[in-house]
Every structure is written in C-alpha cells, then in structure tokens.
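Next come two complexes built around chain A: one with chain B, the other with chain C.
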Partner chain A sequence: MAFVARRLAAALLLLGVLSVLTYALLALAPGDPEQVLLGPRPSTAESRAAVRAQYHLDDPLPVRYAAWLGDAVRGDFGASLYSRESVTSVIADRLPVTAGLAGYAIVLTLAVGLPAGLVAAMRRGSPLDRGITLSALVALAIPPFAMSILLLYGFAVTLGWFPVFGAGETFAERVTHLTLPAIALATGQAAVVVRQMRAAALDLAGQDYMTFARARGVGRARYWFGYALRNTALPVLTVGGLLLAANLTGALFVERAFGLHGVGELLVSAVGQKDLPVVQALVLMGGAVVVAVNLLIDLAYLAVDPRVRHGAVAA
Partner chain B sequence: MLETRGLRVVGDRVLVDGVDLTVAAGETVGLVGESGSGKSLTARALVGLLPRGLRAEGSVEVGGTQVVGASERLLRGVRGRRISLLMQDPFTMLNPLSTAGAHIAETLPGRTSRQEIARRLAEVGIDDPAVAGRHPFQLSGGMRQRVALAAALAGDPELLIADEPTTALDATTQHEILALLRRVQEARGMGVLLITHDLRVAFAVCDRVAVMYAGRVVEQGPGAELAAAPAHPYTSGLLGALPSVERAMERLVGIPGSVPRADEVAGVCAFATRCDLVAAACTEARPPLRPIGRDRLTACVHDAAGTARPPLAETASLTVPTAGPADGEPLLHVEGLRKRYGAHTALGGVSLHVNPGETVGLVGESGSGKTTLARSVLGLVTPDGGRIRLAGLDITDRAALDPRERARVHRLVQCVFQDPSTSLNPAMTVGAALAEASARAAPGDRIGVAELLELVGLPAAYAARRPKALSGGQRQRVAIARALAVRPALLICDEPVASLDVSVQAHVLELLRGIGRDLGTGMLFITHDLAVVRQIAARTVVLLKGAVVEEGTTSTVLDAPAHDYTRRLVSAVR
Partner chain C sequence: MTSSTALARLATGVLLVLAAGCAGAPGSGAAPDTLRWALGNAPNSLDIAHGFNDASTTVQFAVLDTMVAIGPDGQVVPRIAASWTHPDPHTYVFTLREGPRFSDGAPVTAEDAAYSLTRHLDPAVTSQAASYVTQVKKVEVTGPRTVKVTLRKPSPTFLATAALAWQIVPKKLAAAHPKDLGSPEVGTLGSGPFKVTKFSLASGVTLERNELYWGPKPALRRIEVKAISDPETLRLAVSSGEVDGTNDIQVSETRKWSALRGVTTVFYPANHIAYLSLGVREGPTKDVHVRRAIAHALNRGALATLMIGGHGGIADLMLPKPQVAALYGDKPPKLPAYPYDVNAAKAELAKSAYPRGFTLAAPYDSGGDDVKALQAIVADLAVIGVKLDLQPLPTEQYRQRMFSHQDTPLQLVDLVYGTPDPGEVLPDLVSRASAGPQGFNFSGYGSPETDARLDDLGKHEGADRAAAVTEVLAEIADQVPYVPLYSREAAVALRDRYTGRFGTWTADIFSGIRPAAGA
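Our next item is the complex of A and B:
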C-alpha cells in the first residue's frame, strides 16, 4: 500500500509541474487573449481594459495561475472563450466518442497483436513468422489517415457496410460507426504490439522453464497462457498502456477523416481559435491520462509479477 | 521401458551418432560424458524436445511408443506420464511467476487438492506445506530442485531423465538431492536415466553406467566394475584425471588433446587421436560396441585397454604440497573483514593470511562470502570494516591509495576467474590481451607474449588467435598467463577449474601447482570442490555464512574435520 501511496504522490507532483508549465507557456505565447475575447466587436481602449479587468489579465502570472488552479481542482476550468460554454461541459460533450474509439481500438490492437506476435516468436523463421513480420511492417508504414481513407472507400463507400460519417446515437449505432475508425487506429498500433510481443517472446522460446513445462506434459492452454503469455506480458503491457493514452488524447487524424467530434478535433480547433481555457484543460487532461495509465501499468506489474510485488513490499 | 537403437541427432552436421541404451523399470542408468559429448542432446531427443534445427533419427521407444518422428499430440500424452525430464539449473527451470504448488498442480492427474500437493512435496522431502504457496525466487537452489523434481514426478512417469540435476548446487545439497533421487526411485520403482559429467556421482548412484564420447557410447557396464577396471582408454583416462579427495597426487594427468566433432570421426575410433594404444585397426573402421564379459560393453579394439593407464591414485604422495614459510610477515593479511549488502551479511569479521609462495584453499558454498572476500582483496569491493594488508601495504580502501601505490598493488595481486569464456575480451587476440596486461608490469620486469604462452604450455602461434578459436582449457590457460604477466606475488583463483571438464581440469590444476612451485606465487584458491583443494592447497580455510569456521593444513581439515559443517562437507563427497 505504501508503494501505491508513493506512486500516487509522485503522480500528483507530476501533474502540478505539468499545469505550471502549460499555464506559463500558453501565457507567454504571442497573441492577445483580449482580442479573442472581444471577438468581432470594435476594440476600443475602454472595452479592452474592461475585458482585461473581467478576466484578471493584468494580475501577475503567479496570481492568475493560483486563481486558475483553485478553480481547476474544483473541476471548474472556466468558460470557453469561443463558445462561452463551460470548458468542462465542452470536453464532457466530446469525451464519450474519443473514449469509445480509444477503448475499441486498444481491444482490437491487443486481440490481434498479442497472439500474432506470440505465434511469430514461437514459430521463428517459419513462413508464418515471415508473413506476420512483413504484415506488421506494412501496417506500420501506412499512416492512420491514409488507412482511414482506404477503409472509408472500401467498406463505407463501395461496399456500404459501414456508415461514412458521424458517431451514432444508440450503443449499437455507436459500435458500427466506430468500427472503421477503430480499425484505422488499431492497424499501426497492432503492428507495434506484434513487434514488441515477438521480441519479448523470442527469448522465451529458449528458456529452460518452457522446455521443462513441455517435458513434463503441461497442457496446451496452460503452456500458452500460464507460461508464454504471462511471462511476456510485462513489456507489452507498458506499450499497450502508452498506446491507450495516445488514443485518448490525440486520435486526431482518424477523428478528422471520419468526421467524429472527439477530443483530438476539439484540441485542434481550440488551438486555432486561441481558446486558452480549453487548451489548458485539454493539456492537463492529457497529462492526467498518461499519468493515470502509467499508474495502472505499475499496478498491473504488481499483479502479474510476484517478484515486483515482494520487492515493493520489502522496499 | 526405454530402448534406443541407433539414435542419431542431426543438424547441419551429426552431433549424436548411434546411441544404444536401455533402461528397465526400477533401474538407474548413468550416462556420463564431458561437454560436447552429446549427452544432453540425447536426453532431449528421448523426450522429443530437441532444440530447433536438430532432428532425431533411429529409434527411441518409451514403454512401447516410438518417440522419434511422433506427432506433438502423441508426445504430449507420453511426456509427464511415461517419461519426464528434470533439468540442470533449478534457477531457470521453474516458471518465475508461478508458485511451487502451481507447478505441481498443473501436471497432477485427476483432481488437485491441497492435501495431494502437500503429499507430493513431502515425497521430495519438503515437510512444510506452506512452501506450496511460495514463488521460486523465495526458495533456495536445493529447494527449487526439490520442487522441480516434485513437478517432474507429478504425472507419475515410469521413467525419469535427470540431466545434470545437481551440477548447479552446493556440495552438501548435491548429496541430499542425489540421495533423494535414489530414495524416490526405489519407492516408486521407476527407471532413472541420470546424465552427468561427474564420474563419482555416476558410480555412486547408478546400477549401470554408459560413457559417452564425441556423440557415441564407448563403454558400458556396472558402475563399480567400470571404476575398478575400465575397458576403454577414454574411461581410464577420465578416471586418472579425477582428482582424489583422499590424498594429494604427485602429478595430475589429464587427457592430451581435445574432444573431436562427432562427424569428423564417423568412420574411425573417436578416441584414436588422443589414445596411447592407437593401432591400425582403430582408424580402419569404427570399432563397434562389443561385449566383454557379463553386462560389459566396450568400443575399444584392444582387450586390455584398461591396464594401459593405471589410475594414478596409486602413485600418491603426501609430501606435496608443502606448507610455505610460516615465519616473517605474511604476504596477505586479512583481519576482521566485514561487508554487508542491505540486510545480508556477506562477511562477518573474516581473518586469514597467505604466506609468500603459499597456496591457501578457501572452501565454502554459495553465499558463504568467499567471492566477496576475493573481490575485497582485489579492490573491486570496499569493505565496511576490518583491514587488508598486502606486502606491508594497507589496501583496505583502494580509493585512499595514491596512484603510485595503486599501480604497485595492481602488480602485487591478480585474479583468475571461473569462466574463461566471459573473462577474456572476445574482440582481442590472445597476443593483444597478453601484451596489454604485460604493459602494466614494472618496466624492467616485462615478459614477452611468447614467453607467457610458453609459461602456461601453449604454442606461441596461439597469440594470433581469438578466444573463440580456443577450447575451454586453453582459454583458462590464457587467462592465467594474463594474470601472470605482471609477475604478481599473489594470485587469486576464483573457482578456476569449476567450469572445465575433468580431463582439462587436471591440466589446469597441474599448471597452477607448477606456478606456485616454480615462480613462488602465493595463491588464494577459492573452490567448492574438496578434491581440488586437496590437490592444490597447503592450508585450507572453511567459510560458512561469512565467518571462518575452520582453518588448518589441508590434510588436517579434510582428514580430521573439527567443525560440524566441515564434517558434513567431507562426508558429502565420500
């Protein structure tokens, strides 16, 4: 438990540093926020001063940061400069699509990547291994947006099996709408997982305990899951977690290609519109996601590997 | 129960060439050979688990089922239930993520219960049922090997193949595991094929012993008869090379040359190039295994091959080695040395000394602190307390010495490590490695590369070779030459023969003895092998858990051990 508490404390510290950095960098970036706040209205000296006073823009940076942080920890990231809605509701509006897409994609990635990588390693040098390795290389070389267009053209336009646009309303609709984007996103990632898994499992084939397991007639399921998969899980878990974090924060090209209003799309438009509160909240959220996923990976290590578990208890 | 006929293991070339073996129920058969003889590949072939790229030919029948060429599905039914394999290294054989109990449970027939697992653990001498819940990393080597044995036996096989099951263990643990194996074998009435490089182990445990050389069996027979009257020159050579734990031998004689590749000697007697008795008949055709009396087989064409090389134990002399001068200041003086690693005490106040020109044996099992002691003297580890004096210089803390003194210490003490395949830089030729080492010697004191090679009995032409092109014994000679390049007063030998085959071990031991005798180099000789210490050390220090428990002349320590632990060590090898 002390281990988990220590990790949590470190995660909070990291988020704090991240928030300072994003706040400071965005504040130092060129461009006047009051110009954005005023919008198309004629900007007189008075109106600018009024806006500056309303948003406390004349306070020193640390004071503004403290005020922003005080609101942020209570879940209030201010209002979007562009739509005037609260940032929280803007993001909450976009999050389900992105989360659904990210989750769907990571499930596909692992479902294809893990077994393919494992089989390639165990049948090293066979035509199957060569086929898998080559496919992974090709998959890695196709950028997600190109894959998106390919899939759209093939399965949505020509065959008409899947919708072309939007995210759908009901759960079933959501699944059909997100299938092609999830495949587009998962293709490259599955290739990464295949390569990781293959590398991790290559050494496995020569391990004494694998031979010993076969020599005493351990069942097939046990051999593949209890031995092979479990012993290669750790490095692959790390990669899987990082991919998930990347999906949650910036599946931008795929969201664009499929016309999905997700978080990645939001970030790009917010940056374009100099919508500082939204950008800050999104950057902080991205950081929080990465930190949280890493924490989960650490916990998964504890669950999978007894040596880490005992080491952590002893330390 | 097990019958192999003409078993061959073939990859790019032939590795095992025609092995005929039978193991009956309730019988223990030993398969003895040095590294490269093909004994482990034979074991793998018997369970159909050859490494990728190799295939078996011939016939292997296990309880009437043909294993060679059998499908994986059929083999899965045979492995574990009819034939099971116990491997060498308990530290790598168990799944690091599974508990001991899970290892046993996964191959138990029928329903598994906690009681059944506890019963299986008790069978291998683990009476504490809580061990079932432990992971391999929480268990000692001996315990892991017991758990592995219980796992190998979980499917109740009729035949167990044990591939060097004790090689990675300490002497006392080895003894326990062998006794356990014997007990389990008798209780179950199963057949055991014990594969080992250790002739003593084979003779002590096995009903019948087959000696393998260059991929084939050269002699077979009851262990005691083989030991008393070997019928193949290779067997008698091996026996002659075996250091005796009972007495120091006048001269240690190995077998000249090295093991040929199986495919190079397919049509001749494999041992012909190293044999004193070689005749025309040996190289005309491959001598078949022929019966010579009851249960005895030999692949030698001569009838009296065993008498040609009488076991050299007869010529034993107790005068060698002699103790060095006990007066004057010792070369190395270690006093109250302490070192802790976290909660673990590696050295808890160790004192010992080595006189100039004297060889002191340091005996202890893994975890006794012997390596930490060696590393402290070499300046690789800074001790927490105590003092080390070398030739009048305080070297306890190397960092505190000035550069001139450090250079001097470097010339005073050198080291030979256990494994010459990793202690030599693979990218450097032998000549370059030796030249580099001798450049560190005092200017007037340099020894040329050719001279160094001659000192360790290697031809000067070897200077151009890289370590990869040398055999294990030759590499260790190079490592010794490298250590001698600065004419050290003290040589620390950390298990220098532990990774070498018996026939080579004798050469290297004889070389080290000669160095002590002729160059007057003092030696701290670290080993776990009492027979080795008997041959080389004038005095012996026994280390247990970071403390000296016994010290004295080697003959006193080994013949009349005073401490309980030493007695156990000695009885373990007798």
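Our next item is the complex of A and C:
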C-alpha cells in the first residue's frame, strides 16, 4: 500500500509540473486566444477590449494560471473558448470514440503480435521466423495514415465492406466503424510487439525448464501460456501498456483519416486555436492515463511474476 | 506442427473479426427526404455572434431567420421583415411579417427582433459580428410589429449586413445566454425552415423540418450534418454514397470532384478575391513606381490558371466579382490596369529609387497552398530584379504577424466576404482606422482624403453610389496598395439522388435541395 501511495504522490507532482509547463508554453507560443474568440472577421476595438477583460487575457501569466488551478482543483475545468461548452462535456463527447479505438487496436495488436512473436522466437532461424520478422519490418515501415488511406480505398470504397468515416451510434455500428481504424493503428504496433516478444523469448526454446516441461508431457496450452508466455510477459506488458496510453491520447492521424472526432484530433485543433482550458484538461488527462497505465503495469508485474513479488516484499 | 496450427487459428480469428465488421456495413438505404451532408469542420456555434465561420453559418441560416435576405441578384429582399421604409438617410423602419413563430411555438415579436440586433453591440456578448453593426446607434420597438433602427451615419451597407448578422433569436433565450447562446449545451431556437434536434461538435448536427415555418415548406424532412476534416476522406465518403453532398470543396481539388460518378458538382462565383498587399509605409514598396512595376510584372492569367483552373478568373478591380456585378451589372468601370508587360514593369522600376531591383520579405502561412501562388510570383518578379525572400510561418504565427502589420511588405491575401455591398470591403482595405493592429488594411495605405471618399460612400444611393465606389477603386488602381489577382468559384457536390439550386447569395443551401425525380 505504501508503494501505491508513493506512486500516487509522485503522480500528483508530475501532473502539477505538466500543467505549469503546458500553460506556460501555450501562453508563450505565437497566437492569441483573442483571435479564436473574435473569429476570422474584422473586430471592433470595443469587442477586443471586452474579450480581453472577460477572459483576463491581460493579467500576468502566474495570476491566470493560479485562477485556472483554483478552479481545476475544485473540478471546474472551465469552458472551451471555441465551442463555449464546458471542457468536461467536450472531452466526454470524444472519449468514448478514442477509448473504443484504443481498446480495439490494443486487442488486435496483442492478438496478432504475441503469438507471432512467440512463434518466431521458438522457431528461431526457420523460414517462418524470417517471414514473420520481415512482415513486422514492413508493417513497422508503413505510417498509420498511409495505412488508413490504403484500407479506406481497399475495404471501404472498392469492396464497400466498411464505412468510410465516422464512429457510428449503436454498439454494432461502433464496431464496424472502428474496425478499419483499429487495424490501421494496430498494424505498426503489432509489429513492435512481435519484435519485442521475439527478443524476449529468443533464448526460451533452449531453457532447461521448457525442455523439462515438454518432457514431463505438459499440455500444449499450459506449455505455451503457462511457461512460454508467462516467462516473457514482463517486457511485453510494458510495451503493451505504453501503446495503450499512446492510443488513448495520440491516435491523431488515424482519427483524421477516418473522420473520427476523438481526443487526438481535439488536442491538435485545441492547440491550434489556443483553447487553453481544453488543452490543459487534455494534457492532464493524458498525463493521468500514462501514470495510471504504468501503475497498472507495475501491479501486473507483481501478479504475473512471483520473483518480482518476492523482491518487492524483501525490499 | 504447433506453430502452423497457431497461425491458422490466428488467421481464423482475424477473418472472424473482419466478417463481424462486414455484417453491419452501411447500405445507402436512407429515405430520400433525409439528406446526409458533410462539412470540413464541425460548426462550433449556432449563433453568428460566436460562430461567424462557413461551417457554422451553413447551419445557422437553415435554422434562423434573418430580418432581411439577399436575393439571387444580390438585392436585399424581405424575410422576417415584410417591408421597410427609409424615411431619412439615418433611419430604417422595418415592419414584421404576420405569423412567424419560433419552432417552440412562441410568436416572433418586435422585441425579439430588436434585441437580436442590439445584442451584437453588447460588450458582454463580445459578438464576432460586432464590426458589421458598428453603424447602428439605436434600435427601438415602435409598435407591435415595427422596429426602428437609427444609424450613426448614413450607410447603405447596413441593409446588406442585416441580411447576414441580424439573425432572429428569442430575446429571453439570448438574454439568458450572452456568452454561450448557440453552444452544444444551450443550443438555439429559430423560426427558419429547419429546427435543431441534435448538436454536438463530435458527432454532428441533426436538423428536422420546422413544421411551424411560415415560408415554403422545404422538400427535406431531415438533415444529418457530419464533419470530415480530411479532404480525401470527405471525397471518399461522397463517392461511396455515405454522405449525399458537401459544400466544402477545395478549388485545387475540383478536377477530382468533377470526375466522380453519380455525383454532380455545381460551380458558382464565390464572393472572393485574392490579392497582393504591398506595404506603403516603408521600404521599397513605399515608392508608387515600385508598386506599379510589381503589378505589371505579374502574369495574373498564368497565376489564375495555376491556382483556380477554369473556376474563376482574373480580378481587375479590388472587389470580389459578385460585388462588382451587383453594383455595376455587366458594365464595370474602366480603370487604369496593369497588364502583364515586363518592359512596362522595368520602365516603372527605372523611374523608382530602386532601378536595379531589391529584396523583399514575404511572410506566408505555410499551412495552406499560398506557397504555390507565391512561388509563381517569385519567378515573375525575379525577371525585373525584385527578389522575394519567402518566409514560411505556422498558421497562428503568420496570422499574428499579418494582423500586427509589422514586417509585412508583401503578402498574399485571400478573403471571402458575406454581402453584395462594397461597403463591406473598401473601408477595411484603405481606411486609416483599419490600418492599425487587428485591422484589415494590410498595406497601411490611407489619407484624410481617402477617408473622406469612404465617408462619401455612405451618403449616396443608387447610381451616385456606384460613382462614389468607382472613385475609391480608381484611387486604389492608381496608387496600387493592392494588386487584385483572381476571384474563384465555390462548389457544391451533390449525389444524383438529389438536385439543388445554389448561387453566390444562397445563405440557406438546404432549403434549395430536393430528392431528384425518380430517386
């Protein structure tokens, strides 16, 4: 428990630093929220003055940050300058799409990457291994947005199996709509997992306990899952967790290509519009996601690998 | 072999996922009176005070009535106002139509109409349309159905801008939400042909026919508006039939759109002008001979072909072509022009203080395709010894530089306007008031005499007004603070299940769309 408490304290500190940095960097970057609030048409001197007063744009930076922080700790993240809607509902509108996409992609990534990497390692040097390694290399080399366009042309336009854009309304629609984006996102990531898995499992085949397990006549499922997978799980868990965190915050190119209004797309447009309340909330959310995922990975280490557990207790 | 079985299972798994996907794939079985429309951006507000941009106004004009409207030839026509009088140059008295009701059933009152205009002047609203109504001094309800507007000084532009900015909303709702009327949380309420049933920045806008609408009943029952920000995806969505049309077509992409099967792309003149702004306050471009030399050196025909293909043409006057047509009909004035002539350009340059040429900084927005035009301009100007130093800047940084009016001796400006009245354009271009930061007088040109001429624009109506506009245009043509380059067309793509009529002044595009016969 002390371990978890320590991690949470560190996380809070991290989020604090993150919010100061984002606030300062965005304020220092060129452009002014005034432009977003007044729109692209000519503005009058009166409305410019009114906007600056209403949004405290002329207050010194630390004062503005303190005001934001005061509201934020009370759970009030303000309203978007662009849509005038509360930041929480802006994000709540988009999170389900991104979370669905991220979850779907990570399932595909692991479903393909783990077995392929494991098999490649166990059959090291065989044509199968070479085939898998080469495919992974190719998959890694295709940028997700190029993959998106390829999939769109192939499966959505030519074959008409999948919709071209949007996220759908019902659960079934959501699954159809997110399939191509999830594949586009998972392609490169599966390749990373394949390589990671292969590296982690390379010397597995030669291990005495694997040979012994097989000699004992251990069942196939137990051999692969209980012995092979479990012994190589740690590095793969780490990579998988990081990929999930990345998908939750930065699937921008794929989101754009498939016309999905997700969190990645929101972040980029909010930065462009200097929509500070939205950017701040998103950065904090991203930070919290990374911290949470890392914490979960560490906890998973304890569950998966008894050696870590004993080490932790001893320490 | 263990491995091959594992692979086979894996392959089956992937196929199953794919098959699950196919099962729910979309058909194009939507009812023909439901239109699925795509925009490049999501509307951010259903109130022009906070969403004065193409995506937002496209939806606003389908939902909200305006006091008056712009007719097909650019003339101002009645809308919520059945008629109006103009007893003296400072005064307009509008008489409201009998019968319009908001989509919740409440009648549209003179109070609502008056408040809908004055709210743009309220600093608490910080309206994006405020600059369009600065000439308004007072708005009074003078009777149960009459509203009197008093202007600070005479302005024929007022009626045209009223067709744009004077959207009628219920006073009660607007007064309760000065800052967030039209947001997804507050929404809006109008008396127009459609009403909003859903509005989200992420999943789009749904409109349904307003059964209480006082005007002709629109043919469409339901409209689903979606935002697709990637232009390629947008085109694929229309091509595959997942959306029925869009009015968000880049001019550089028109060939691709015209080639789509089952889709008709309609072009019409946009209220647009692209021009070169030359800073007159300092540096070589302070010299009028330099500015004339630059104007002569530009091959505008080639530039127009490069940038807009056949969809538009060279701009001769410093006004969008539809405004020229609305004011002068088909007889625009003949003013000094600077045809493409390298020798004339060199001769002008020889008369300047820089006969051998010079180098000029040209900052530009690296986010758009301005660079394409600028590279052609660089080549043209190099011939007479004027070297441009292109400075790419990120969009935000460029906008900041542009509106600071600092270090911008030469820049490409590309603007779309909202009304048929030159009064929307000329004061912005050459008045001293808009030469400061945030103003649209990018060249910094201006003098007390010019300001007097601009003032004159407001005093005249009819043929005299055309003469007054010509005077300002002649001054611009003579002094060349700006070089007009080209005016482009706008386009609407519509799948063949639908037909529609669109023009430069069509504010509400949805009311003009109907299912095609036999669809």
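Just so it is clear, the second predicted complex is superposed on the first by the 286 of 315 C-alpha atoms of A that agree within 3 Å, B and C clash if a C-alpha of one lies under 4 Å from a C-alpha of the other, contacts with A are read in each partner's own complex, and residues count from 1 in each chain.
Everything below uses one rule, namely that a residue touches a chain if its C-beta (ideal position, glycine included) is under 8 Å from a C-beta of that chain, and two chains touch if they have at least 3 such contacts.
Every value quoted in this text rests on a predicted model; they were computed, and no experiment measured them.
Q: Based on the superposed arrangement, let me know which partner A:R220 touches: chain B (first), chain C (second), both, or neither?
A: Touch partners of A:R220: chain B and chain C.
Q: Between chain C and chain B, which one touches more residues of chain A when both complexes sit on the common chain A?
A: Looking at chain B versus chain C, the one contacting more residues of chain A is C.
Q: Looking at A:F77, would you say it contacts chain B, chain C, both, or neither? Reply first, second, both or neither.
A: A:F77: touches no partner chain.
Q: Who does A:R256 touch here: chain B (first), chain C (second), both, or neither?
A: Only chain C is touched by A:R256; chain B is not.
Q: Considering only touches as defined above, state whether A:Y23 meets chain B (first), chain C (second), both or neither.
A: neither
Q: If you stack the two complexes on chain A, which partner ends up touching A:W68: first (chain B), second (chain C), both, or neither?
A: After superposing on A, A:W68 lies clear of both chain B and chain C.
Q: Using the superposition on chain A described above, determine whether A:A50 touches chain B (first), chain C (second), both, or neither.
A: Once the two structures are laid over each other on A, A:A50 reaches chain C alone.
Q: If I apply the document's touch criterion, which positions on chain A are contacted by chain B in one structure and by chain C in the other?
A: Overlap of chain B and chain C footprints on chain A: residues 220.
Q: Please output the residues of chain B touching chain A within their complex, sorted ascending.
A: Spelled out, the residues of chain B in touch with chain A are 47, 49, 52, 76-81, 84-85, 87-89, 92-99, 102, 106-107, 135, 137-138, 148, 151-152, 154-155, 157.
Q: List the residues on chain A that touch chain B in their complex, please.
A: It is residues 124-125, 205, 207-209, 211-220, 222, 226-227, 230-231, 304-307, 310 of chain A that touch chain B.
Q: For the complex, which residues does chain C have touching chain A?
A: Contacts found on chain C: 2-3, 6-7, 10, 13-14, 17-18, 20-26, 42, 44-45, 50-53, 123-124, 126-132, 134, 179-180, 182-186, 200-203, 226-230, 232-234, 236-237, 239-240, 242, 394-397, 399-400, 403, 428, 434, 438-440.
Q: Given the complex with chain C, which residues does chain A contribute to the contact?
A: Within the complex, chain A contacts chain C at residues 29-32, 35, 37-44, 46-51, 54, 79, 82-86, 89-90, 93-94, 97, 108, 111-112, 115-116, 119, 122-123, 128, 149, 152-153, 156-157, 160-167, 169, 172-173, 175-176, 179-180, 220, 224, 256-259, 261, 265, 272, 274.
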